[in-house]
Amino acid sequence: MDRARVESILRELKAGILSVREAMARLRSLPFEDLGYANVDTHRALRRGHPEAVYCDGKTDVQVVGILERLSAHHKTVLATRVRPGTAKAVADRLGRSRVHEFPEARMLVVGAMPSPRKGRVAILTAGTSDLPVAEEAAVTAEAMGHRVDRIYDVGVAGVHRLLDKQKRLDRARVLVVVAGMEGALPSVVSGLVDKPVIAVPTSVGYGASFDGLAALLGMMNACSPGVAVVNIDNGFGAGYLAAMLDR
Amino acid sequence: MDRARVESILRELKAGILSVREAMARLRSLPFEDLGYANVDTHRALRRGHPEAVYCDGKTDVQVVGILERLSAHHKTVLATRVRPGTAKAVADRLGRSRVHEFPEARMLVVGAMPSPRKGRVAILTAGTSDLPVAEEAAVTAEAMGHRVDRIYDVGVAGVHRLLDKQKRLDRARVLVVVAGMEGALPSVVSGLVDKPVIAVPTSVGYGASFDGLAALLGMMNACSPGVAVVNIDNGFGAGYLAAMLDR
Amino acid sequence: MDRARVESILRELKAGILSVREAMARLRSLPFEDLGYANVDTHRALRRGHPEAVYCDGKTDVQVVGILERLSAHHKTVLATRVRPGTAKAVADRLGRSRVHEFPEARMLVVGAMPSPRKGRVAILTAGTSDLPVAEEAAVTAEAMGHRVDRIYDVGVAGVHRLLDKQKRLDRARVLVVVAGMEGALPSVVSGLVDKPVIAVPTSVGYGASFDGLAALLGMMNACSPGVAVVNIDNGFGAGYLAAMLDR
Amino acid sequence: MDRARVESILRELKAGILSVREAMARLRSLPFEDLGYANVDTHRALRRGHPEAVYCDGKTDVQVVGILERLSAHHKTVLATRVRPGTAKAVADRLGRSRVHEFPEARMLVVGAMPSPRKGRVAILTAGTSDLPVAEEAAVTAEAMGHRVDRIYDVGVAGVHRLLDKQKRLDRARVLVVVAGMEGALPSVVSGLVDKPVIAVPTSVGYGASFDGLAALLGMMNACSPGVAVVNIDNGFGAGYLAAMLDR
Amino acid sequence: MDRARVESILRELKAGILSVREAMARLRSLPFEDLGYANVDTHRALRRGHPEAVYCDGKTDVQVVGILERLSAHHKTVLATRVRPGTAKAVADRLGRSRVHEFPEARMLVVGAMPSPRKGRVAILTAGTSDLPVAEEAAVTAEAMGHRVDRIYDVGVAGVHRLLDKQKRLDRARVLVVVAGMEGALPSVVSGLVDKPVIAVPTSVGYGASFDGLAALLGMMNACSPGVAVVNIDNGFGAGYLAAMLDR
Amino acid sequence: MDRARVESILRELKAGILSVREAMARLRSLPFEDLGYANVDTHRALRRGHPEAVYCDGKTDVQVVGILERLSAHHKTVLATRVRPGTAKAVADRLGRSRVHEFPEARMLVVGAMPSPRKGRVAILTAGTSDLPVAEEAAVTAEAMGHRVDRIYDVGVAGVHRLLDKQKRLDRARVLVVVAGMEGALPSVVSGLVDKPVIAVPTSVGYGASFDGLAALLGMMNACSPGVAVVNIDNGFGAGYLAAMLDR
Amino acid sequence: MDRARVESILRELKAGILSVREAMARLRSLPFEDLGYANVDTHRALRRGHPEAVYCDGKTDVQVVGILERLSAHHKTVLATRVRPGTAKAVADRLGRSRVHEFPEARMLVVGAMPSPRKGRVAILTAGTSDLPVAEEAAVTAEAMGHRVDRIYDVGVAGVHRLLDKQKRLDRARVLVVVAGMEGALPSVVSGLVDKPVIAVPTSVGYGASFDGLAALLGMMNACSPGVAVVNIDNGFGAGYLAAMLDR
Amino acid sequence: MDRARVESILRELKAGILSVREAMARLRSLPFEDLGYANVDTHRALRRGHPEAVYCDGKTDVQVVGILERLSAHHKTVLATRVRPGTAKAVADRLGRSRVHEFPEARMLVVGAMPSPRKGRVAILTAGTSDLPVAEEAAVTAEAMGHRVDRIYDVGVAGVHRLLDKQKRLDRARVLVVVAGMEGALPSVVSGLVDKPVIAVPTSVGYGASFDGLAALLGMMNACSPGVAVVNIDNGFGAGYLAAMLDR
């Protein structure tokens, strides 16, 4: 349910076509369409002002298709994350290839209109090449919410001059997403170079004592520079979404 | 070093009084005054646009006084966090009682001018009474950076109606800091009620399987609602600082 | 061994057909029929008043079939959990398709009579769609023990209004099973809305810092609301069984 | 706020003295009396049907006294847990020695009437002598809620015959609280001997690899007997409260 | 290298055929035959009085065959543990089917003579059916070292009467190996019933918070009964070997 | 209750003075004398053939004195471990200075007769000087059970020649207790030098990543040499007790 | 970019062909050739004096080939680690079989010239046969950097005489790399035998409580002998690289 | 025992005054002077070429004095680490104030001659002021072994320009010790700026999710730059000792 529908209800209310109670009832009843296996929360757009996203890992193709179909009937733009290749095909088959945009590197689908970037400027940095899928998930999310994204990849702290070379691009951003595995040190360093908020994303990239991202997570939690906050390991979507919220 | 001094150098440069090199040199040499035990980074205000803060835990009173004296010579406002009562007295004795503002509940000192709140609106929530010291550290930090703070304390998820009652105050905020120990569930719930960024602060409040804040930290990392990012356990200062950055 | 057989022994004792010692001997010798690989404890029904269940993970099909065959000779209803699809077929082939009820979503088999629900009212809630298999394991277990189950799925705390909408159904339940992964916050919130016992089931649903259910487990252990107790990660059977015990 | 006050409002509503809105407003405004540092939730009695409790660890004496004073104005019985000896004295001085019952072994205070036990039968077992304070917290909580308690202490699994000797007392209980540190094995064994629900309480008793109760917690989570659920480490209050809920 | 060869060297020394130095040299040079990838320590039999064993996990078939060939040239009995089915075939093909005894349930091979049990009495208990492979590894190891083994399987603590029924067989043993996953409580209980040493073997059987055997390991480390010692998770071989050492 | 009393009952039974039932009753009722706070298990001597021990940490002086008084009425020798200095004095005052032997380095008391060592030979090794208190707890325990102890202290693996120098003393022992903190490597090395069972005791000695003995515990669990079993961190008593059991 | 190219720029500078600024510009612009997905840092050779290496795990074959092609255009020797067999073929197909040296046991490729060993002497030890792949990664790395390597494999602490036998080879080394899984005790022992730096490499070899190398890592961190430093679990490359730096 | 004494024995051997056996015997017997509680290993200087150090934490003053007295009779320079203030006085009283050098910031004593720095150049960096005690332990250790030390303190990654300013001093060092708590990112960054080995020392400085140095330890283990190796948390002595070994 996009804002348009909500507003039309409210305008009918103001025009006297609906009573307050009827307006309330319509608003309330709308969102909770029962799919049996998922209480699709179309209200959230109303409350949060942002599109809905579906986390596909652990859901069957049939469930994913069903949820996306219902959501895309109400939303201009719906995101799907952690999409298996087979699922992408099943969705496209059902919803029409023209409405479904695939981003394989980000393991994402965008159903509906992909907005042209016109807002703000989000810089997304990675420490290494292997952090790319997570960074792309963040980038596509922010772009699907209408934001310009500047990708600055492979600028890890072991070669800090590579990063310093990008100072101008860092300065142009209004919010920065920093994606790093292993020791997770990049957000600290980046935060010391800018006066903008930094969203740190630990990744499960690494081996041995990286313990599937725990080392990077702890490192980022302990970032000695203020202005840094952390999202879950590999949570590119959450980082991109939050960046879009902050990029005003 | 406040911005005024930097600007005067730059204006002298433009007026031809200084060469570019001389300007560069002055800018560079200024900040790194050597205290022997601490490379006080007065540059940071320049790069970050915000006041400096001193983390007092693990530093002797003599070190704290020395660092604050030096920093307050260059900054209008300097924060000190995790201040022991004795340290507060030592600082006030040296720097003058009129310049030192004490916030015992937040365990903080503000040296210099305490700005009157004129910017934005930061809501700070706690789950319980025991989370207060961390919440106050966040609140005083944001206030010292010139922001209005709305304290909404003791609205934990076990009585969710207490929280829903505050919906209007939540809506008025531009950024929310949510402080919680034990299971750390409050940020998830709050984030679902607003379309503003939520900064989650786990606290070491709790016992048994809270493991000094680890349970709350993991809970917040896994917040199922996007728009949430997490800072370190008990890190009220970092949360308040980031909130001030976001509250534009 | 169902209660009927025990009672008939006791009645023969009272009628003088058996001496006390003979009665004792019959009672004692009955249960421990030796399958070689498993000491099938048919006594438990006697002591516990509830049917036996077989945890199939890590057992071969042959072992599962053997144990179920023996148990179902003594019990009206026998449960099998964590059943692989192939195992289900092997059991049905041996014990007869009409006596074996399959619940694929719950990964369970019920061998023998499936009672019609006539007792109490157990509400089973999930935070998300992915928690379904665990919730269904709880639901089928409680139903197999003769209890009515009310499924309230996908009401996670990020959209707390979805949950509040269900207040009436919550109030009707005598005991609530709350299944959640990620941050595991749902039991706390639910417990604050009812004055009934809440059985919390952490699931391994989630990614990154969920650490296979550890975050949810710790979150639930720290639930700030009394009236909550926790079972093992993904242990739907244990939760359903306990709910049936409490639903009087 | 006890039920009486709520009922009087509802009766005034039915009698036409109050409109629905006025009734709603009164109900809503009543509970949240603002102490500044704690949103005392007097509503909870309404929702939960049970007295309020105050966790005193990490609160100052002044805060504890203030909260207890306010709560005891509305409740017949208020519990305080983890009470320091000094706090007990401060509370008694303010609220009157006759209204304050001290239970030093349980580290608890009961403010108001201590009901005479008339309901049900809760058995509380400990594995060892050192688990006593946690067990007593559970026992006093259940007793303060009007339940009979049977204390069966020091029956750890290393001498299983000591436990078997108590079979009759186990059988008489309607719900069992089992408190154990170290390896936390007692709940498994007890649960196999009864057909009643078992609430397991891990304690931080032990040394070395007990890791402050983690070993006992994990042991109990993995109890191989269904019918067992676990509360937080050392959480005697939660166990006693839940036992009272189950003991019907 | 068996003792016979060592003795013949020593006898030649005594007879004057070898000088002390020559004897020393022969003894020293013998054992370290270089396979390139493994310093096969044939000395160990000399020092330890027991046969050699090869842990096959992580070794290629070619490596396993090479090591077993070399060892079996010197030892009457060589054990191989964690043997993949394919490896078993490869070994039998090379060393001759008659010399290679397969124990698939224990995932073991015994190369050479399998002694007829004539020494002592080792009882091996398991808590459940799923602990069998580890228990069999212990049993075959002890049998291959010439000891009588009494298998008492599936006597977990949730049905403690099943265990008490076996008191006589427990009493007959000189040393007990107790194998258990999940909460690992069985060794504590068993140790309280006998006055013999108990070797506890945690297994990775379980799910959820068993964390691959960590819960059982911690439980056993904290066994509140003295006379218990613990070997590594799933280490049936180590337990069987140690039991054989103790069974005198 | 020592064996003498049990035997006298049995002899009266044989002589016809007692019926079997009366004998049973006496045996059963004897041991569980109720101290209120501790079910002193005087039966254990009967079942286990060894003296009783009291773990004093977390017990009040009054409780310790009470338990020791009761136990020493039935046992020739009673051990108390983790004794605070004040407790030692309280015990001696009550039970008589002549009957109470203090071992301050081991933090132990032995109440009753200290047997002269006449059995076997237990070697106790430590890696460093700081492991002494744990080693002494093991040594005094074994000596109180009548065994000869050979102390071989400060032979850690960083100077492996110090250990090799002791080969003869190692060879003379029938069982070895190896006490080590830090990396806990000593048991592996020792076990490779002897063909006797090795009981490994991790200690909480160390700093940083020793994590209170966890590093040593994990190291010992992974000892690559068979013939090693591990007891709890700092559990000198358990090691000494087990060593006495094995030293036949 | 090898040193030759840097020197030619500097010589042109000295000869007056380039201004300082032009020289600076050339130096700066050279290294960051943009591959889109990887900021290949050809500067590093300049700063670090050593060849570049590519960690292939988590990179596609196309990415690996692209990076290696670019790097090998500037470097005489480029290393690739954690190479899948298929990747090796893809690289050889593109860069020419003669320039690509495969080391399957080390899972490595060396692209370009393999230097003949002429520098120093690095000893590489393993505790067991299963540690070989990690040890070979260290060995090939050091050899590719021009160092002589002495492989001393399978000398674990359970048979310490095997190690003592190698004292002479240990003494000849200038730096020692010690690779071990399980309890990770070998570096401590080795360090006590030599007066050279020891680089400890924990491996994920082991089972049960080895927890994927954590036990070995903690063991090595706690090595009670100074002169030991630790690299990441299974990080043979890092150990070989550091050994080459130290072997002067 | 310093080298001089060893050489004199060897010279007597060469001169025919001692037989080889006698020489051997003297060498062997010398070092193990028995203090009862500590096998002081005076051999180590012989094998390792470096002075002995005593870790004082967990040792009584009497033990420390005894060990230092014995060691300083054989060594020119003996180090004591983690010295309590009282211990320092006790040592000076016994060994003579002129021979005992106190370094309170490093919590160290040096007994004997403090060499004038004449060898190499070790740079010691810290991330913050609170890391000073650990850094000083490293510095004093290296100085006591005759090395020049360059202290570069408080150059954490949140202000990376502070570090870049020190490039020349970094380049002058032959080995670098980098001490950091919190996220432990400094070693990675430093290692990228130099081509010298970096010894990383995690410290327990930090709060919340630093978990007593674990975050820093994991961060450093995962340093994405080769040429870094890690010592134990807070182990300044080990780092300084290793640095001295490498600084040739």
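Letters A, B, C, D, E, F, G and H mark the chains as written, and numbering starts fresh at 1 in each.
One rule holds in what follows: a residue touches a chain if its C-beta (ideal position, glycine included) is under 8 Å from a C-beta of that chain, and two chains touch if they have at least 3 such contacts.
This structure is a prediction, so every number in the text was calculated from the model and none was measured.
Visitor: Provide the labels of all chains in contact with subunit A and in contact with subunit F.
Guide: Neighbours common to subunit A and subunit F are G, H.
Visitor: From the centre of subunit B, which chain's CA centre is farthest?
Guide: In terms of C-alpha centroids, the chain at the greatest distance from subunit B is E.
Visitor: What's the chain with its C-alpha centre farthest out from subunit A?
Guide: Result for max centroid distance from subunit A is chain F.
Visitor: Just give me the whole-number Å value for how far the CA centre of subunit B lies from that of subunit D.
Guide: So the centre of subunit B lies 38 Å away from the centre of subunit D.
Visitor: If you average the Cα atoms of subunit A and of subunit H to get two centres, how far apart are those centres in Å?
Guide: Taking the mean C-alpha position of each chain, the two centres sit 49 Å apart.
Visitor: If you average the CA atoms of subunit A and of subunit E, how far apart do the two points sit, in angstrom?
Guide: 54
Visitor: Can you list every residue of subunit G that touches 2 or more other chains, as numbers and ranges?
Guide: In subunit G, the residues touching two or more other chains are 44, 128, 159, 192-193, 208-211, 214, 217, 221-223, 232-233.
Visitor: If you go through all the chains, which pairs of them touch?
Guide: Every pair of chains in contact is listed here: A-B, A-C, A-G, A-H, B-C, B-D, B-H, C-D, C-E, D-E, D-F, E-F, E-G, F-G, F-H, G-H.
Visitor: What part of subunit C is in contact with subunit D in the complex they form?
Guide: 44, 47-50, 53, 192-197, 199, 217, 221-223, 226-233, 237-238, 241-242, 245-246, 248
Visitor: If you look only at subunit D, which of its residues touch subunit B in the complex?
Guide: Touch list, subunit D to subunit B: 28, 32, 37-39, 41, 43-44, 55, 57-59, 63, 67, 202, 204, 213-214, 217, 232-235.
Visitor: Can you name the residues of subunit B that touch subunit D in the complex?
Guide: Contacts found on subunit B: 129-130, 132, 153-155, 159, 161-162, 165, 205, 207-210.
Visitor: How about subunit G: which of its residues touch subunit F in the complex?
Guide: 127-128, 156-160, 164, 182-185, 188-189, 191-193, 206, 208-211, 214-216, 218-225
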